[in-house]
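Look at the two complexes coming up: chain A is in both, with chain B in one and chain C in the other.
Right, the complex of A and B next:
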């Protein structure tokens, strides 16, 4: 016989947890005191640096500790200044990179860890940006709404040079998985120089999104960015207006469609007064649909009316 | 082996199908003593998965080969011994066929040997570029143990009752799942990917922007399911509702046959319920609402058996069962195991195929037409291996054929091979019922060497009619303390079987929780807690 099973009660579990927490707290306090007491030492105190790493891997948001590490790194850099390539220095820096990796696994949204990583790589005699690039791609597939990762990707791309086509495909891939993502759309806007050729593609993509879910704001913001481009001809704008009118027929209560129509009629009315009338009607409808922003629409409405007035 | 089982239990369960196994786990879990016994030497009964060799012999196998009435036991006055098992629910119309030669011809073999000499990377590259591997019966049989072929394949909804039960009871620990990676349908003479989720709708290039909006709106309406929306369709079909919505034919097809898993005859309310179930299960695990049990559907019943055993259930397979003992009032008394041992229990639960003939004589059986195919490629090839669920409308949309395609990543077949399961309600024979779908998905058997056919080739096929006993009344003619468990149904999932198991459990043990959460290993203290820790290893 294996003996009887006895299930731990929730009380017992709670007690165990409390005990654990107390233990952690004691360790944390000890480490912080130790670092504070030895911070100015040259050469640095090895025990403190080790303790510091232990605390950070549990809680990567203690920026005092990251600053301590940077001071130590600067010390190391100073020491190896004259020699050509110092293996000891490289392995020291690699160690720092590994630490941030550990911290990021635990908390992928830790500002300090991302910063420390980039800071180290900038000072690295042989930085492996390509590896960073693969890493960030991997991170983004885990969570493509983590803006830290998108920021980091831009930093890396500045270092290794950009393959526009690959980056566009990457952005399309992320959007296909989830297009409710401001970061992916925004990243795309940093890549695209809109010429007549790709304009068509982008308009199609954004229409796919707004027709799938007109209440999702992220794609509408991208559309507004496209429309801000001078290459969008009036002909294109009218075409799009037609398509949005169709969409509005299917979803008459969606404020985003009306807003987008107003963006379009706004620029079209500069040459054709008939669009200005439409614009005024749409703003009136928006006031009813979205009473929380009533004041804003009234303001727009006034401007639209004035514009007609001045022309007349 | 020479051993004797204990002589008294709270409950004896005969047969290791899903329903029996769930009841077993639930009873053990609340502290009842359970004897779970099967005359077969494998788990699962009608729900089992087999390797290639086993399934090869399945047709010949008499389901109740181990049942023997010649028991030699002393009965009390008024007691009688009844034979275990019946032949009312055997698989019918079984037909198995190899479409490949037994062995390679001599010439080919020598070529093969040459091929073995080149270095590995080169051969692999060859496979990648599409040089077709030549399969023989011998070669497949050598890999027999890499096959786990379900005779009742099941797909679970990610938020269905089964998955919820797995999680709430902590049985999830005993099994592994893989999410179905694409849902297909047969539309305008081609296999098309069904846009399941919002992202699918967005990225599917074959769905126009207007259709995207239609599809999303319709699914939204079904999800909200406001009274007014469907009030005129109480006695109409779901198809009528869709037609009245003025959708395009493609949108109607996707919704009706795939997302609602319906036919042109499905009532509106049922179609709407199906859509809700589909959409509710989206976005939980993977890209589709569906999960498949790794290493075959036969694992499902074993997961429950494992839990039962952990809580003290006694397991005995491959047992010679001598008969059931019933008393003068027709109450179950005990089971004769072997020739002499009588094991007593206050309740008996048995798989329907293990039931004495007299309890099931009026049970009505319908049949499911099933086909299993071993093929050399996917029905819709792509870069990565997919786990595919395909809804194929048969007979102009009056019936729906469920098709499941499994690759090697599911742990059910060797590399380079796919297993395709097809099933639908039986109307004629399995072969006739599935013919339409088979002819479209696979290369035809007649050799047309002129035309290059990109479709997969069927290497082995197995057709059979499987009994469905889920609509029958299983309390009629059955003594009060004995219960019958139905076999597999025609549904994709096993939610109905869980419901049946729960009913049986509740009739035996009313007011007791059904499968409460089992403790995690770290919550368990071995011994009475006084010994500090068990040494590792």
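Right, the complex of A and C next:
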């Protein structure tokens, strides 16, 4: 259970709550028994399907009930097999889609509801992917960290064939609204294959982000990824190192800048005596600034010391 | 426009030592509360719930306090004779998550023979897809969690030969991200829970070599917040269950020392409920068996005495893994 605050309540409140809970429990058990008893019926039992929807609206994690609904859907599909497009079938499927939407509004992280929705759409004779696309774009404005939404967006994009360029623009847009959104950076990483062409653009974007708010962690992860690419020229690296050194002057206790400097000097010249000595100072400072992770810095410190040892 | 770090502040009067007896009582009470609302209404995750509770109790050296004969009958009755899969409880459908939980419980009690083992193996193998991935049940939801469940179940049963392991590894590899982490499907964002599943998977299949070790270990150690607690993704609140997902991942990568043990220990201790026993996600929240297990398991990895040693791959007592002769990969 997540984020459920423990509250103190009076005896009276407790009794009242217990009564309510017993009522809910009776309803749940009744619905479950009803579904179990009528599950094999053909055609399906309308009351059971309705009871099932009621339980799912309260708790979409009762996975067996979604399975039951899928069995009913398959039954319906089977029945309308030969006809062109069956209006009754379409309205039945639309109803399923509505139910998942209702569940997702209350529980936007319900794995089962997302899966059911897509499962239905895949079997829909006239799926409205465009509508799904608008919906998911809207959902992402409610919570742009919900990874279910991002995953769903990816599925829909593949269905309607949205261009990569469109998604890149979308990602730039999201990042410009909020640089400190890790999900947007991740999404961008999935759209970019690092090559010499896009490197410049990406480096500029991420540099802009880290200079706007050096203490925000998200963009630094992206920067490290960009720097892991061999196509970033030494010239570029030295330029960035210079800018970071200036940034550090303004914010001398920012661990991220120090770390980034170490990535740059490490990949520039692991064996370079001068830089290794600089890194030793940086790692020592990092240990002080960020004691939670001092084990990591110690390991890197040892490496830098070894680098000097082999040089000499 | 500086973004403040999302975190909690630990109260001065928080619990500071392990309330082992209370946690054991908390779990035992749960197993005797069939009429209790919370218990009855969560029957759709009962099998996993029992695994959390029983493993927590075992780690506390209190396994014998809960030897109920009807436990094994219950598990047996949850195996579907047709598919071979195991469900959360009666009136529910078989699923990989609960199949693994049942197998884990029975391995701990050395009672695996009560199951139709061939049936379980057949069920797990039937869920592997042409691309190597696994669906959670016959309805086709794909997730790296299920890849972990599949290989954990089969390795506990010593039947890894029943699936295409190379293909399964290839699928996990396609889920690797720019930050070295893993998500639920290819291109999905990294998440500590799924990173654990993928590393656990690679540990069982002896393929931790495909991991970008230091990039991922850096991402993982950045999960520790000033309160000492760990979050599951950047800019999220700390949560006790991530103590386990992150810590076991670091352990598998040989980088446990990249976070501060004492600070994490303080955080987990602060999430104990001093009245009812049990551990919650954050200080002051309602305790549950899920966070109780993962809090205790994390303390075990940190080397806390009085808690049995836990295996980082299976989240089961190390002695059980030893008894089965399993040696999942751990990087030095």
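One rule holds for everything that comes next: the second predicted complex is superposed on the first by the 256 of 312 C-alpha atoms of A that agree within 3 Å, B and C clash if a C-alpha of one lies under 4 Å from a C-alpha of the other, contacts with A are read in each partner's own complex, and residues count from 1 in each chain.
To be clear about the criterion, a contact is a pair of C-beta atoms (placed from the backbone, for glycine too) under 8 Å apart; a residue touches a chain by one contact, two chains touch by 3 or more.
Because the structure is predicted, anything quoted here is derived from the model rather than measured.
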First, second, both or neither for A:221, with chain B first and chain C second: second
Touching partner for A:213 - first (chain B), second (chain C), both, neither: both
Touched partner set for A:240, first chain B, second chain C, both or neither: neither
First, second, both or neither for A:186, with chain B first and chain C second: second
Partner chain in contact with A:8 - chain B first, chain C second, else both or neither: first
Which of chain B and chain C A:97 touches, first, second, both or neither: neither
Broader residue contact with chain A after superposition on the shared chain, chain B or chain C: C
First (chain B), second (chain C), both or neither touched by A:33: second
Touched partner set for A:67, first chain B, second chain C, both or neither: second
Doubly contacted residues of chain A, that is, touched by chain B and again by chain C: 2-6, 212-213
Residues of chain A defined as touching chain B within the complex: 2-8, 13, 175-179, 207-209, 211-214, 243, 246-247, 250-251
Residue ranges of chain B in contact with chain A within the complex: 198-199, 201-203, 209-210, 212-214, 216-217, 519, 522-529
Contact set on chain A toward chain C in their complex: 1-6, 18, 21-22, 24-25, 28-29, 32-33, 36, 59, 61-64, 66-67, 70, 111-112, 115, 119, 145, 147, 150-151, 154, 180, 182-183, 186-187, 189-190, 212-213, 215-218, 221-222, 224-225, 228, 291-296, 299
Residues of chain C defined as touching chain A within the complex: 1-3, 37, 40-41, 43-45, 87-88, 91-93, 95, 137, 139-141, 143, 177-179, 183-185, 187-191, 215, 217-219, 221-222, 224, 226, 228, 233-236, 239, 255, 257-260, 263, 273, 280-282, 284-286, 288, 290-291
